[in-house]
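One chain, chain A, appears in both complexes that follow, with chain B as partner in the first and chain C in the second.
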Partner chain A sequence: MAEDVKPTRKNLMAIEDRIELSERGHDTLEQKRDGLIMEFMDILDQAQDVRNDLNEDYETAQRKLNMARAMEGDVAVRGAAAALKEHPEITIQSKNIMGVVVPQIESSKVKKSLDERGYGLLGSSARIDEAADAYEELLETIILAAEVETAMKKMLTEIETTKRRVNALEFKLLPDLYTNQEYIEQKLEEQEREEIFRMKKIKEKKEEAEAEEAAAAEAAAEAADADADAVAVDE
Partner chain B sequence: MSQEIAVIGSPDFTTGFRLAGVQTFENVPDDEKDDALDDAVERVLDNENVGIIVMYDDDLDHLSRGTRKAVETSVEPTLVTLGGGAGSGDLRGQIKRAIGIDLMEEDD
Partner chain C sequence: MSTPGMNASSGSPGSSNPEYVTARVRARRGVLFDDDEYSKLVRMSPAEIARYMEESEYEQEINALGSRHSGVDLIEYALNRNLARHFDALLGFAEGQLYDLIARYLRKFDAWNVKTVFRGVYTDADSEAVETDMIRAGEFDDALINRLLEAGTVEDVVTVLDGTMFGDAVDAAFEDFQESETLVPLENAVDRAFYEQLLGTLPSGEAIDLYREFLEAEIDFRNVRNALRLARSGAEIDPGEYFIDGGRLFSASEMTTLVENTDELVARIRESRYGTKLSEPLDELEAADSLIDFERALEGVLLRYSKQLGNVHPLSICPVVAYILMKEREVTNIRAIARGREAGLSETAIEQELVIL
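Up next is the complex of A and B:
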């Protein structure tokens, strides 16, 4: 609030410094926001492709699993699922996109050969193998989707934060600072005008006093001259 | 540190993933989802070894508001849903909020 600020030259200078800093920060944050949105658009295209692959892979995997269930029976499929020894592992590393740390997911043991699966060649059928293959492929797409979608979530959070900061500067902080600056400038101008007026008044009074003094001195001199003339006439 | 993939859902949903080697799973039968799904999700969220959670998109409707928000916004572990349209969890809504337009609008 402008009324809370003391209208002093020191405060005006401090506010001008803050305005300069805020304007610079606002420009930088705007550039960051635009840059993040551009990076986000690139990831979005990738995400949409991955999403389509994910839906397709899921449908295929489900179809193959249903086929295996229908042909081999639910118990056989569950038995094969329970026999698996190797499990897929993921390692999450990070990379930096415009200050946002996004994950890079490396996977291992997702795709397995028949002998790595652990349920034995004789105990299963080609349909169960096909279903396992399809689900392994689906897992690879899921890992890719997790990487891309986590990056998107993190970037969206950063975009939202940056947008809020830009808006706070643009619609709250800077207008308040401009109002305060204007208020102090007006007050200082008013004080300056009052000062000039006061100086003028003092000057006028001083001049009046000097004029009165001069008039009095002149009158005294005239009176003295008149006395001197009168004495000379008497003599 | 290596992490695992976890699957939460009905036994029908998790079987396929177990066939691909996923060992961390929570089986919640369809008729128990309203009562038991919240606990299953919270257990997996608390598991530090889990890096990715896989769920069926419609199952999110069975979660309580708090748990749903926690799992949708979680980055570690991150949620990937299957069977839904555009993106996992509330990704579409988040895009609308952050960018201002619905960039994941599907072409009908």
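Up next is the complex of A and C:
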């Protein structure tokens, strides 16, 4: 790559500017990556807890539903479920964690009181109530798990992206820029040295020429003097 | 079967045939599953249970439904249909006052069918699915059931029910339904209508007095269950709205007060005529957080009570009611075993759920 760069002072200055910017960006991205990892570790702990709760709640809900179906009959349980009018609703908002937009899920009408479930109290049983309770609990945990796990996945993607950027700066862009900088500096120094050498040579040649000219002039003068002396003798 | 939902074939009190009916009931009690059979069933897979049922009392229903359903659904629908066949037969061979006494208890299946239709219409389920879920063990005849199945809206169902024992109740509750848009008022009206007719204009007599006591106990137990459910739910509901008249344990206003304090409610049950029988389940209820064991205990107490009445008055309504409860319990037990096995529950867990006398 270094050979592709023209070793000019302008390019050197441009590269120095890019190095400064990249180093600053590298530091910032490293800080962001570390911050994201710390946030991610917090969310990871939360996600593990939620996942455990989810498994427990699912098992409890399934067990209670099985018991309700066993003792009251599938038909009665389906009938009670069918009587539900108001279904749960969720609203999704977003929040920002270190530049990462993660969802914030709000749920409503998940937990219902006995009279909101739609089935008559007089002809039903506690088994159906407990199955409904357990499933409402499970649904709340699912919504929380969806929020936490989506945040976790988004954070993970962002950490990966940031890591790739940090690595690209650290192991590719900055080394290339340093190499180019070094190459241009060397080339410029070399050019400078060549110029000095050339100047010296020119100076030497010029001095030699001047010396030769002086010697020739001296010789000519001496010859003229000799000719003048010879004419005088003849006369 | 007779005129929809009413006791048209009850005839005069003098024309009852308790000797004949109780003899038929004794024969039917004889084919109910016993402990050994439950022990075998608990160790079987759902397919094996269906196979076992095919070689038992349930053969006709398993064969009739085998092409449409499979697995535990086949078992459940066969159980329901068998229950309906037997109870329908009871109404078929009972006459006079005895018919009326049996019918008033079996009308709970009419209530069940009405609620099933309401739920089906409410959720736009197709009429075939609704019909499958019905238990034709009550007094409604096929024509009325077909008209209910053809109803397209809740209002149509209310119109079809006009003239039956549920007519006035659902008509009065329809306005609440329109306001709340939930089935709660209609379902409660149907159940309340059933319980109100249970004790309404009961004739007198020693056996019938015992039958009345049994029905009062059933109403008391239903009120106790609902009071405890309301107390545990913590919902802001007026308990008086869910009180069923006819019991001896407490009044509507007392229930409202007791729901606010579970300890007082439990103490009240302990001091009542049911205190001795319910002492152990109440201890468990206070220790555990679940009402389920207590409900099961109530069912067991009621079952034993009915059986005891049947022994005291063998030629009356009492052994018939005992048989009805035992048959219902058999259906619940087999269904519990099949569903329990399907869900992978252990044999011990399933056995714990069974109520066997």
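Here is the rule we go by: the second predicted complex is superposed on the first by the 211 of 235 C-alpha atoms of A that agree within 3 Å, B and C clash if a C-alpha of one lies under 4 Å from a C-alpha of the other, contacts with A are read in each partner's own complex, and residues count from 1 in each chain.
The rule we apply is simple: contacts are C-beta pairs under 8 Å (C-beta built on N, C-alpha and C of every residue); 3 or more make two chains touch, one makes a residue touch a chain.
Because the structure is a prediction, the values reported are computed rather than measured.
Chain B and chain C, once both complexes are superposed via chain A, fit side by side. Contacts of A:A126 after superposition on the shared chain: chain C is touched, whereas chain B is not.
Using the contact criterion defined above for the overlaid structures, shared-chain residue A:R51 touches chain B, although it does not reach chain C.
Of the two partner chains, neither chain B nor chain C is touched by A:E170. In the superposed model, A:M67 makes contact with chain C only, not with chain B.
Of the two partner chains placed by the overlay, only chain B lies in contact with A:L139; chain C stays clear of it. When both complexes are overlaid on chain A, the residue A:E16 reaches neither chain B nor chain C.
Once the two structures are overlaid, the count of chain A residues touched is higher for B than for its counterpart among chain B and chain C.
When the two structures are aligned on the shared chain, A:R78 is found in touch with chain B and with chain C. Once chain A of one complex is fitted onto chain A of the other, the partner contacts of A:S113 are limited to chain C, with no touch recorded for chain B. Smallest inter-chain Cα distance, chain B versus chain C, after superposition on the shared chain: 10 Å.
Taken together, the two structures place residues 62, 78, 82, 86 of chain A in contact with chain B in one case and with chain C in the other. Across the complex, chain B is touched by residues 37, 40, 44, 47-48, 51, 54-55, 58, 61-62, 65, 77-78, 80-82, 84, 86-92, 103, 105, 108-110, 112, 117, 128, 131-132, 134-136, 138-139, 142-143, 145-146, 149-150, 152-154, 156-157, 159-160, 163 of chain A.
Interface residues of chain C, counted against chain A in their complex, comprise 72-73, 76, 80, 111-112, 115-116, 119-120, 122-123, 125, 133, 181-184, 186-188, 190-192, 195, 222, 225-226, 228-230, 233-237, 242, 244, 290-292, 294-296, 332, 335-340, 342-343, 345, 350, 353. Residues 1-5, 15-23, 51-52, 54, 73, 75-76, 78, 80, 82-83, 86-88, 91, 94-95, 97-99, 103-104 of chain B touch chain A in their complex.
Residues 62-63, 66-67, 69-71, 73-75, 78-79, 82-83, 85-86, 113-116, 118-123, 125-127, 129-130 of chain A are the ones touching chain C in the complex.
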